[in-house]
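Before we start, here is the structure in question, set down as structure tokens.
Order as written gives the chain letters A, B, C and D; numbering starts at 1 within each chain.
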Amino acid sequence: MLKEFEFVGLLGAITFTIPFVTLLLAWLLRPKKPNPAKQETYESGVQTIGDTWVRFKAQYYIYALIFVVFDIEAVFLFPFAVALNQLPLYALVWAIVFILLLFDGLLYAWRKGALHWT
Amino acid sequence: MQGVIDFLVSLNIPYVNASVARYIVLQVLAAIVAVAAPAGLIILTWLERKIIARIQDRLGPNRAGPFGLLQAIADMVKMFTKEDITPAKADRLVYNIAPGLGMFAAIMAFAVIPFAPGFAGTQMNVGLLYIVAIGGLGTLAILMAGWASNNKYALLGAFRAVAMLLTYEIPMVMTLVMVAVVAGSMSMVDVVEAQSGMWFVVSMPVAFLIFFLSGVAEVGRSPFDLVEAESEIIAGFHTEYSGIKFGMIMIAEYVHMFALSFFTAVLFLGGWQIPFIDVAALPAPFAAILGLISLLVKVFFFVFVMMWLRGTLPRFRIDHLLDFGWKFLVPLTLVLLIGVAFVIRLFAPGSSVGIPVAAGPLSGLGMPGQVVALLVTNLLVLGLALVVVSSAARRTRSKALRAVSAVDSPVPTAGK
Amino acid sequence: MMTIPLSWWLTVAAALFSIGVYGALTRKNAIGILMSIELVLNAVNINLVAFWRYIAPHDISGQVFAIVVITVAAAEAAVGLALVLAVFRRRGSAIVEELDILKQ
Amino acid sequence: MPSNFDPSQIPLVPIVFWIMTLFTVGGAIGVVSSKKLFHSGLYLVLSFFGVAGYYVLLSAGFMAVVQLMVYVGAIAILILFAVMFSRRPMAAESQANRQWWLGLPLMLVLFVVLVVTVGSVAWPVSGAEPTADTVQQLGVAFLGSYLIPFEVVSVLLSVALIGAIILARGKVEGEETN
């Protein structure tokens, strides 16, 4: 198992340095003349009003919520997919039940209008 | 790759034994991948500008160097020498980390790709999940960038981008499950080898389409580029970024697009396979070179398709996009997954590993039967989905029409 | 490969667990408390996987348990955060100490 | 350099272990001590990442990618979303409550007790290597001996989804939407 991740580690080590090298190179090359007007928040020339970190609508959170659930479903489905040929036929039925139960959750969200973009 | 290792060992350099040689080869491969992925960007940006220009009946860059080839280099130089402004109100540390993290995630995706027969950095048996896992880091980078900029447009853009990425990741993961079902393994190397009989694009065209479509959305390219819809939210999550950090975000986007083309080619178009030629059986250097060329041809085909899409399609609206993802693609992929798993199990050969399992009832039909059954399942599910959608659309339309006529009809009576 | 003794893993997991418990006890914000609980669950998972690897590598149960723990952690995070958001919208605060409506 | 130097004998595994420990424990300390909630969330991601590295060292590759996919790709995003929804998440105020001085010795005592316990048990370590394809084993386990937990998980997830949607959607008057 470790052998399989060696390449990921090596690539990771090299890739990790690339952003630093890029930033360093740019830091050497670029001019640096900050002034307050430049550093203002850019909102198409209009002065910013109030706090940026205002609240956004809960819709975004609901999408993330459904995503988490289906992400975990995938975690269970991948071992099932790989082992499919080692499983008796009734196991397939149980897997389908598993998928349908989650589908049920999605259908509920749909019916309740949680998927509706307002 | 084994050949190269043996060659290194045979040179009898001090300290270089088999395991050291293996490390050297892996390290060199890693270095090539890590440098080539962002460097491929130079070709990609040039290609993109040329292709889009042609589609729009323009010439595109043609001054710098032959055919404007040096334009991309000039752009690079510009990125490096521009002043890099950090807004005073930004969360400095997070603001600076985010582009680097995005770049890191995009390049790391290349780790599991088999480039040619025998030339794969890793045979990791969880390769398909690895793609998804690394993709998650990119999502995080976008969220960090949008957040740390302390700009309302950037934050709104980041929210939209993340909502879209999450939406389209589910159909993508489900198609990956289908690939794992058919290949019987999650290793990319095994997936390529499983396609030596028939490419998955033939047996599962619908899954292929869904994968590519949601992949384009994941990359955030047109027509799914509402993340950076200028007319609505300036440049989305990277509104505040300038200079090289903006450049890094662009690099990440192009590398991501490149990686997606690689994944599509490997997962559905047989990777390094060439039809009717058994590449892996050729003598070693030819197999590697031919395999790599075959893979790159497929990759650049998908790169071209993506640019073509960008040149011809208008942008989606976010509510349409999310509805399309949640209400069409997700149910469709779930149903398709059930169908594919069912077909594969029916055609499965018996097994005596672990619990002895009887062969599927249709296993006698063999590979051609399986391909035809998969194809039929794919088309059936797609047909079913289209029928359901069009009937639903007709219902909504007639309801809307009725509403309109209900509003309209009282008007003349009131006039009298 | 087994150059690292089992006790190292258990010690690290213990450290993670203790830090998580500390966070759960001392954070003001409900979201911070949830984060600390995730740390605790991660410590548990390290233990499960380490036991699988060192004591029963042929019995996959250790990983099955760990995956179920991850699932439960995700469900907990989803519901917990939704709860925090709901409370936050009602009361305008996610600070646990200010949510003393039952005391009044 | 000694003549019998063998670069393949570099203790890579302990080195990676310590780097990952730095990530995990450092991230965890960041989570409980950071003054900004958003930074706490990012430290949490760092900690999750270190744990994924641990799983690789423990030959549990599947667990490692699942850790990245579920924790970093999904739960961390969910947590960061929630942080953004709560008020003044960037305000640099102390995030610790009044009992923090009590928590600190408690944590140390807990840690010492755990370490002493760990050290005092003779763990029946088996030297066996795990079988290569753990993913397939997992699939067989989930649809074989662990079938009931497998189905219960899907019920749990649906219930969590439905409950969370009900909670998150409750409308409050005068709420701004963007």
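The rule is simple: a contact is a pair of C-beta atoms (placed from the backbone, for glycine too) under 8 Å apart; a residue touches a chain by one contact, two chains touch by 3 or more.
As the structure is a computational prediction, the values presented were derived from the model and not from experiment.
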Between A-B and B-D, the pair with more C-beta contacts: A-B
Chain with minimal offset from the mean of all protein Cα atoms: A
Chain of greatest Cα-centre distance to chain A: C
Rounded Å distance, chain B centre to chain D centre (Cα mean): 27
Computed distance of Cα centres, chain C from chain B, in Å: 33
Centre-of-Cα separation between chain D and chain A, whole angstrom: 16
Numbers and ranges of chain C residues touching at least 2 other chains: 1, 67, 70-71, 74, 77-78, 81-82, 85
Multi-partner residues of chain B (each touching 2 or more other chains): 23, 124-126, 129-130, 132, 155-156, 162, 166, 169, 186, 354-355
Interface hub residues of chain A, defined as touching at least two other chains: 2, 4-5, 53-54, 56, 58, 60-61, 64-69, 71-72, 74-76, 78, 81-82, 84, 86-87, 95, 99, 106
Graph class of chain-chain contacts, one of line, ring, star, complete, other: other
Interchain contacts (touch definition) - all pairs: A-B, A-C, A-D, B-D, C-D
Chain B - residues contacting chain A, complex: 23, 26-27, 29-31, 33-34, 38, 79-89, 96, 99-101, 103-104, 107-108, 110-112, 121-126, 128-130, 132, 149-153, 155-156, 159, 162-163, 166-167, 169-170, 173-174, 176-178, 180-181, 184-186, 234, 239-240, 243-245, 247-248, 318-319, 322-323, 326-327, 330-331, 334, 337-338, 341-342, 344-345, 348-349, 351, 353-355, 357-358, 360
Footprint of chain B on chain A - complex, ascending: 4-8, 10-16, 18-20, 22-23, 25-26, 29-34, 36, 38-44, 48, 52-54, 56, 59-60, 63-64, 66-67, 70-71, 74-75, 77-78, 81-82, 84-89, 92, 95-96, 99, 103, 106, 110, 115, 117
Residues on chain D engaged by chain A in the complex (per definition of touch): 13, 16, 56-57, 59-62, 64, 66, 69-70, 73-75, 77-78, 81-82, 84-85, 87-90, 130, 133, 135-140, 142-144, 147, 150-151, 153-155, 157-158, 160-162, 164-165, 168-169, 175-178
Residues of chain C defined as touching chain D within the complex: 1-4, 6-12, 14-23, 25-29, 31-32, 34-36, 38-39, 42, 45-46, 49-50, 52-58, 60-61, 63-64, 66-68, 70-75, 77-79, 81-86, 88-90, 92-94, 96-97
In the complex, chain D residues that touch chain B: 5-8, 38-39, 42, 45, 61-62, 64-66, 68-69, 72-74, 76-77, 80-81, 84, 90, 132-133, 135, 140, 144, 178
